[in-house]
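Two complexes come next, and they have one chain in common, chain A, joined by chain B in the first and chain C in the second.
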Partner chain A sequence: MPILETITILDSADIVRVRQKVRSQTVALGFGLVDQTKIVTAASEIARNTLDYGGGGSVTLEVLESAHRVGLRLTFTDQGAGIANIELALQNGYTTGSGLGLGLGGAKRLMHEFEITSEVGKGTCVTTVRWRQ
Partner chain B sequence: MERIPILQMGQFLLVTIQVDMHDRLALALQDDLTDRIVKTSASGVLIDISSLEIVDSFIGRVLGNIATVSQLLGTETVIVGMQPAIAITLVELGLSLSGVRTAANIDAGMRLLQISLGAPFHGGLDANP
Partner chain C sequence: MSLSSTSKIADLLEKNETELLRNWLTELEASGLRRDDLMRSTELNQQCHEFLRMFRSAAQHENFSDVQAPEWGSVRQLLTDISRDRAQQGFTSSEVATFIFSFKKPLFDQLKRELAQQNDLLVESIWTVTDVLDQLGLWTTEVFQQAREKVILRQQQELLELSTPVVKLWEGILALPMIGTLDSARTQVVMETLLQQIVETGSQVVIIDITGVPTVDTLVAQYLLKTVEAARLMGTDCIISGIRPQIAQTIVHLGLDLSGVITKATLADAFAIALKKRQLTIVSKASQSV
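Our next item is the complex of A and B:
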């Protein structure tokens, strides 16, 4: 499947860039406005985690296309501290920072597929897909 | 650094957010508004987010903080013009913004402020008090 681009996430301006790139790709793929808003919001949440907890990293945008559906896959990777307990991290209200603990669980609810792999001390990878409705 | 402008209209402050705010810009707005509320003794704040394409948990938290801080300073804040797609997304995200007053547009927000201040509503924006 075509990889569209990889965006590095090293400061808060990069989070805005991620939002803008994800937005323009969903527009190009014909996603509706609510769908666009959901993916962009999820991307913003995960990108901020990549920056704040992962010490920076990157996101790769890919188009998924088959005979009967079209989707956008986002893969965020970092080499940060990792997540010891993924189930706990996904819970609403759980935070080790100063946030609300909504980002990760919220992003999962906003997307159709959501997978986290993480190793403590090595880093985290979040892969997520939303299909065009 | 780039700043979001704050306009004074009579006893109210008006902020129109027209750019996709990065985190530091959102925090700067929170600081600047607090400053202006104190300096002007404004009785109400309107934040127009109709041009804003997303509100994530960070921006949502900043809007909530602005509302809470302004209330502690004796000023009402109303967020106006939230796009329906954002409202739907915020609910799914789990952000209720429960302490934040909202209105459909600037006029409605202005009326809401007038009512909560117990002052008669004269209608329209008065740029020259």
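Our next item is the complex of A and C:
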């Protein structure tokens, strides 16, 4: 599948860049306005976690294409502290920072596929897909 | 690399400078790089002329494999200046790279003419020239990119410093139209300005309009909720307007709870609510006179 690009996430200006790139790719792939907004918002949430809790990392944008559908896959990776309890992290209201604790679970609800792999002390990888309706 | 190809190139640059310059300018014109809207053609001629002169003298050292070497210093400096100027003038990065890449054809043509009978030498020379021009082209785009980023950073800071417009809609009613990315630094300024204005004007109702905010994520929501809370502590009601359908859906999926806040689709709707809260009504003149 064609990898479109990889964006490094090292400061909050990079999060703005991630949103802009994701936005323009969803437009290019023909996603509707509601879908665009959902994907961009999910990307914003995960990117900020990558920065705040993962100590920075990167996101790769990929197009998924099969005979009957088109999707956008985002893969966020960091080499940060990792998540000890993924289920807990996904719960609404759970935060170890000063957030609302809604970002991770919210991103999952905004996307079609969502997978977290994480190892304490090693880092976290969040892979998520939304298909064009 | 054989000595003969490098000395051949140095030699050729030395002898054919005028012709190379003429052909290069023709090439640039054909490539559409002559952007008369952005920069005068005399300036472009001047830059080509300068480049050729410096390229020629750097070539005398016959080191074409590493443009980071000291003998290429003045060429790099010139390209740095050119790239910075163009970043300011609004050129794209490919337009900037084309400046160097368009020099390939005139140079290849010249080599072909000179080395028509010496195929091996010709191939080697073309390879050498390609290598050095590619390196210089990359250098140019790198500098350009850095300069663009500086411009963007400066614009961001300027935006930050722009005073946030808090508009008085009516006696006791303020509006805050938010536009753009609510990154942390700017939002902090916006919030403080608003609270300050509430104190100064003694307003009872504030409308925060987010029509111009493209993404509402948990961080933006948190800022909004904090502002609403702070205003409430000061005895002021907040209304959030400009919640478009796609934003409303996203907010629901995120699980954000805005139930404690009055939200409206448009600023007009919010204004109507604000008037009501102030116990004001708008009456049409026609109905008044009946």
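Assume the second predicted complex is superposed on the first by the 133 of 133 C-alpha atoms of A that agree within 3 Å, B and C clash if a C-alpha of one lies under 4 Å from a C-alpha of the other, contacts with A are read in each partner's own complex, and residues count from 1 in each chain.
Here is the rule we go by: contacts are C-beta pairs under 8 Å (C-beta built on N, C-alpha and C of every residue); 3 or more make two chains touch, one makes a residue touch a chain.
These numbers were taken from a predicted model, which means no experiment stands behind them.
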**Message:** After the superposition on A, what does A:83 contact: first (chain B), second (chain C), both or neither?
**Reply:** neither
**Request:** Classify the contacts of A:106 with the two partner chains as first (chain B alone), second (chain C alone), both, or neither.
**Result:** both
**Which of chain B and chain C A:33 touches, first, second, both or neither** = both
**Prompt:** Can A:92 be said to touch chain B (first), chain C (second), both, or neither?
**Reply:** both
**Request:** Identify the partner contact of A:41: answer first if only chain B is touched, second if only chain C is, both if each is, neither if none is.
**Result:** both
**Asked** Which of the two partners, first being chain B and second being chain C, lies in contact with A:19: first, second, both, or neither?
**Response** both
**Prompt:** Between chain B and chain C, which residues of chain A are contacted by each of them?
**Reply:** 12-13, 15-16, 19, 23, 33-34, 36-38, 40-41, 44-45, 48, 92, 99-100, 102-103, 105-106, 109-110
**Request:** In the complex, go through chain A and note every residue touching chain B.
**Result:** 12-13, 15-16, 19-20, 23, 33-34, 36-38, 40-41, 44-45, 48, 92, 99-100, 102-103, 105-107, 109-110
**Request:** State the interface residues of chain A toward chain C in the complex, per the touch definition above.
**Result:** 12-13, 15-16, 19, 23, 33-34, 36-38, 40-41, 44-45, 48, 92, 99-100, 102-103, 105-106, 109-110
**Request:** State the interface residues of chain B toward chain A in the complex, per the touch definition above.
**Result:** 20-24, 53-58, 61, 83-86, 88-89, 92-95
**Item:** Contact footprint of chain A on chain C as seen in their complex
**Value:** 153, 156, 181, 183-184, 214-219, 221-222, 245-247, 249-250, 253-256
